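Take a look at the structures listed below.
Next, two complexes with chain A in common: one pairs it with chain B, the other with chain C.
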Partner chain A sequence: MADVERINTPVEAAIAEHFAGVKATLPGDAGTRETAFARFTEAGLPHRRVEEWKYTDLRNLMREAAALAPALSDDAAKAALEASPWFSGVDAVRIAIANGHVVASASDLADLPEGVTLETLSQALAAGHADLAHLGAIPEAGDNIAVALNSAFMTDGVVIRVKAGTKVTMPLHLRFVITGDSAVATATRSLIVVEKGASVTLLESHDSADALAHQPNNMVEMVVGDEAQVAHFRIDGHGTGAQALSTLTAHLGAHVAFDTLNIVARPGLVRHQVYMTFAGEHTKGAVRGATMLTGKQHADTTLFVNHVAPHCESRELFKTAIDGNATGVFQGRIAVAREAQKTDGQMMSSAVLLSDGATMNNKPELEIFADDVLCAHGATCGALDDDLLFYLMARGIPRPEAEALLIESFLGEAVEEAVDETDEDLREALLSVARTWLAARS
Partner chain B sequence: MPAVQETIDRVKEIDVDQYKYGFETIIEMEKAPKGLNEDIIRFISAKKEEPEWMLEWRLDAYRRWLTMQEPDWARVSYPKIDFNDIYYYAAPKSNEAPKSLDEVDPEILKTYEKLGIPLREQEMLAGIAPENRVAVDAVFDSVSVATTFKKELAEAGVIFCSISEAVREYPELVQKYLGTVVPKSDNYYAALNSAVFTDGSFVYVPPGVRCPMELSTYFRINEKNTGQFERTLIIADEGAYVSYLEGCTAPQRDENQLHAAVVELVTLDEAEIKYSTVQNWYPGDAQGKGGIYNFVTKRGDCRGKNSVITWTQVETGSAITWKYPSCILRGDGSRGEFYSIAVSNGRQQIDSGTKMIHLGKNTTSRIISKGISAGHSENTYRGLVSAHRKASNSRNFTNCDSLLIGNNCGAHTVPYIESKNASAVFEHEATTSKISEDQLFYCMQRGLDEEEAVALIVNGFVKDVLQKLPMEFAVEAQKLISISLEGSVG
Partner chain C sequence: MLEIKNLVVEIEGTRILNGLDLTVNNGEIAAIMGPNGSGKSTLSYVVAGKEEYEVLDGEIILDGQNVLEMEPSERAAAGVFLAFQYPLEIPGVATMTFLKAALNAQRKSRGEAELTTPDFIKRVNAAAQQLEIPKDMLKRALNVGFSGGEKKRMEILQMALLEPRFCILDETDSGLDIDALRIAAEGVNALRSPDRSFLVITHYQRLLNYIVPDSVHVMAGGKIVKSGGKELALELEANGYADYKAQEAA
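Up next, the complex of A and B:
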């Protein structure tokens, strides 16, 4: 059959209209944005016939295209930040990004630790900052439609550099909030460059008011130099109406220790994608996640783990608890290039289905070209273990509590592995998300 | 871990340049004109003396095929196939309905002799216990040349004949089941097959009958520029049991030849079908020239309660393999099993796996897949396990291991695990480390080191599967048994 010209759906047409309306006002090189948007125009919104989006049919799930959010007044931004509880118990340097714009007056910009520099993305784009050369460090991500849209629309974010050898003890907390009377879209992009031998902990939280169908598209790119250590903890706490797309890229040098954990509890629709490339030898990288779903929620985690250099170790652990009529998706691909001998990759996705309406789709892929590696993947899904439930109930614990205990320990595994055991506050901040979800369940 | 030396040696023994079945039989053939159109389909149908409904069925499939697009999602690459540059029908000229083996062209008989396939019943009987006998349907290009033990099978009530004969002799059975497992427009190659299929086997085992011997079909592509499109339909009625084996080879040629088969299995209540394949089509030479494109749709429908379908496959041949023997577990309590060993060498490309679709309650499935890649080959496991809303208490266990030998090949695993039922328990793993601690301890306690113990246990398991293959087909399989899977990369 001849190729037929693609017909725009109303949502795609609306996105094109929004782009035409705002592109002149967006900072930085217009050509780069046009190129990124052209990729979207060509491919359209991904649908189930696009393999990478097989289980998250955006064309079907996104029925409206919200307009890009205008900047908020400082007061409105502060009110929204006030309502965002995530990581409040953890001491951190906080940077606020409301409706897609950095809010300087609500950020601890003056208290940045020594050796850490920060600029806003909008300033960096306008000034043609040298660090922007690091954007797109993982070219494969550029082909992704969520990333293309982010590149076309990105309004603001932060560009952080941690100087060589700097050990940052206080975590940096990026607080993203969205608020408004009607649904809005945001596109934020942040770049974090960690130089050789530096270490830093990054917290990232996302919040928006319930019910409204906000459409955040958030992307964080990390470029981690040799011997650096990065720990990244993310809570996606967008409201139940939100349709959230997020992408994390991590380009890792040699002898790096990199950890990222993502917790998803509330958004109606969420797709979190992680691109991790092992570019230097003897690096350890871990990607973990705990996802809690109920109602008609749909949460998709998609990983692209790319082993290019030899002697690296990757760990992926994902836990999903699904209640109501919700759908969980896990797609993970570990690719091992010919040169990446002695790679040790372990990927595990476990799901517990708590109701008759729950659905889980797992697709853990391996793509191996080196002959001396150890790669394993596992995927399980099933109900809570009856024997364990019985054990607890036989000891007088009522069923709902017994279930909650089991679910918490199931989800908690991902948190426990990611958090330093001495860091009580951080662990509490992460586990409390699960507890809140469980409390609402019973 | 890298592969152990023993494995490397064994895989070398079955490397592409060691292909033993590459000879060609020189024999006068009758062919339909090259190309594909409705006239060719009418020609095939007329040659097979088919009733009108069969022709209509074929034409409908052809019209649907015309509207379909060639699938490109598999991890294989090959130049575009010109479907009009293929002969869709080729039969030995002398084979105008032979009544007995004496009427079959001696060249053909010699061919099967060379391949080690016994077509003479009395020869087979010599020195073989009756329960170890195998009835063979030999398919040569587009026609079935001989089917053995028909009489003895008929006494047990088992129908075993070529599909063309079944269309003529048992139209009600064929009409009732043909295309009900793999519909005409199921996929591109299934539609093509439905339009132009030439021969294949038909098996019907009546209620309560345990088929008295193994049934098997041996497919041979001989003629140049031909495609082989066989169609197999096996029905095990209530409480019946049948074990069926399939073997295939082809001459060594520089051109690529297409083999697009459809296999449909149906089990009714309490019935069981075991389907084993030793696939040894010509794989092409070391540079990737020539070889068979093996694009096959195999699917079993466990229609009745507590019915069982088992697929066992040993894959060493074909330039490109694109094949996913599947089970639809419709009947409550039904069980599907898939055991596969796929070895790729040279420039071979394999994209193979299975689908276990759990529809009924208490359905279980098990998938064991071992892939070994060597040379410049690519070996992909692609499998789907799904539980539908009503598939309460369904269970699946999947284990797929792969092993690479050398640094120019690739091994890939693409599993899809979809669960819509909370009481379904699915487990997928891709390591060799999950061998039972008890077994390992037992072996090591008796003085084996860990590697030997693991090899023993893994091979013991594989052997268990392969022992079910009859000796005639097990030459390659026997070699594979001794391949150690130590050093699997997951």
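Up next, the complex of A and C:
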């Protein structure tokens, strides 16, 4: 390791100081946290010369490092939760996580569906819960700096297990909120273990005020057993003051159906990473996203799709609408191992640029070692179609409204593909994010 | 009602309309016929306000207002309607959402109240029934997966709903079989009124058997070269455009 870099920026030093100050109070095995933090100490904040972070230069973008937020009073947590609108129209079992800590009094812990167990991560860490063995099911994610920092700082989250064969009809909704008067950081880790043949829908929402400088680092790990079905819908509604890092890992067994959709509408800076590994045969996995950006926002979606087992199908569809001087980034890597024959992988990223100052960086990558696969990727980038705009306007629809119709339909494709068409409430909850964004635009 | 004076139009440096004059009176159906490339579709786009055409000279006066300064949506609100030769497919935009947005936008610009949903649906269903448009077509994304004939009928449906003052039919007959042509023409005829005028652009006289024009204009080389009554269409059908093309070349 000739080019090991040392902590050498004030922000990196501040993060080290925060860790030193807080580590004795964090639950669980101190050694594991130290090991994770050593990874950060070694590499520092990622910067543009690190290929995987080329377009999101954290060293340049993060000029301050906030300390971990303390747990809120129940009243303060409830006030913040009250103000968070996401998925409110969808019936669900709600689990509230405010400033990085589960708020039991604002969660439906007594109403968990049959066959579902839940513990808080802090309890699980303190008790050395057996399920924690599933953390880090995708080892390569551990090298990622956002993940390493999460492992070092994680305060709380949920550990959910869905028992074999359980069909959970009511979605589980993880509601994350962050509030405060001065800059805060949070680190949450959640683990969802779905046993063989079970099915569950997970909703995940994030909310915080625009004016608050905050640095959330959230990670959700899913371990999906054979023949299980998981649908995951995420709304990243962090405020413009956010510098948000998030990671989703999905370790998929055989004959699984897994879907995740991420909608990004507000955060100032966001990097969402998805690690999806096809470990069992005949599994279908889909990763989708709809991102809308304006002002100086920066949103990065980075995928690591890993086909290890044969006969699997992966689908990635990402839609980005960019206005103002905002920047979108899509990096999608699909790796197909020699053994993963008959892999069917299709990845598409489309961006519509709504202003001269809008930027999109698309980087699809295929790494294929098997010789009998069907893999394709595509990326498009352009303005709204003038002919379509003219058609709508020729019917009397004014330009802003005509643009809104086209942008909504563009973004909506990712939602329509992900949501069961009979699920009107969920569809509405997701599309309304785009409508709210579009209404603010015109 | 509509008066076009000395219209000169270019696209990407190529002259398409070359001093075109045309007047269409209240309640009149004017047909424009002409060979390929004579500028008929350009004329329809320029009246509706498509951006990429550069108007170098002339004016288009609708009810005393020069529409050239208006956005396409403002022209629509002022009463211009273009039935497209090739209606566009818009995936992800539901037909009903589009129709409602268009109707309410026009009502709003005229200072009228938005329609209630039941009232809106009633109007759409009535128009659809007349044009033999099945209800499941209305449930799909706009024009997506529609046949050529269905798309044209959807154009006429929009025209019926929006009740424009000045309708341009750009080769509405192209791609239609004889039954679809009859249905579309009946839809148009049902909209005939002393307050509404039509500009019917076509290559063939056949459409004019169904939509009988008050005047026929021959377009060649970017202007109107001959005007007459409906018998002019029959003459063209018999003799073709050869005379006019020769005239253009000369």
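By our rule, the second predicted complex is superposed on the first by the 435 of 442 C-alpha atoms of A that agree within 3 Å, B and C clash if a C-alpha of one lies under 4 Å from a C-alpha of the other, contacts with A are read in each partner's own complex, and residues count from 1 in each chain.
Please note the rule applied: a residue touches a chain if its C-beta (ideal position, glycine included) is under 8 Å from a C-beta of that chain, and two chains touch if they have at least 3 such contacts.
Everything quoted here is computed from the prediction, not taken from an experiment.
Once the two complexes are overlaid on the shared chain, A:408 sits against chain C while remaining clear of chain B. Comparing chain C and chain B on the residues of chain A they touch gives the larger count to B. Within the superposed three-chain model, A:392 lies in touch with chain C and out of touch with chain B [touch as defined at top].
Residue contacts after overlaying the shared chain place A:382 against chain B, while chain C stays out of touching range. By the touch criterion defined above, A:111 lies against neither chain B nor chain C after alignment on the C-alpha atoms of chain A.
Of the two partner chains placed by the overlay, only chain B lies in contact with A:51; chain C stays clear of it.
When the shared chain is aligned, chain B comes close enough to touch A:362, but chain C does not. Chain C meets chain A in the complex at residues 48-52, 71-73, 75-77, 80-82, 84, 87-88, 90-93, 97-98, 101-103, 105-106, 109, 141, 158, 162. Contact residues of chain B toward chain A in the complex are 1-3, 67, 69, 73, 389, 402, 404-431, 433, 489-490. The touching residues of chain A, counted against chain B in their complex, run 1, 51, 338, 345, 351, 353-356, 358-383. Only residues 386-388, 390-399, 401-402, 405-406, 408-410, 412-413, 416 of chain A touch chain C when the two sit together in their complex.
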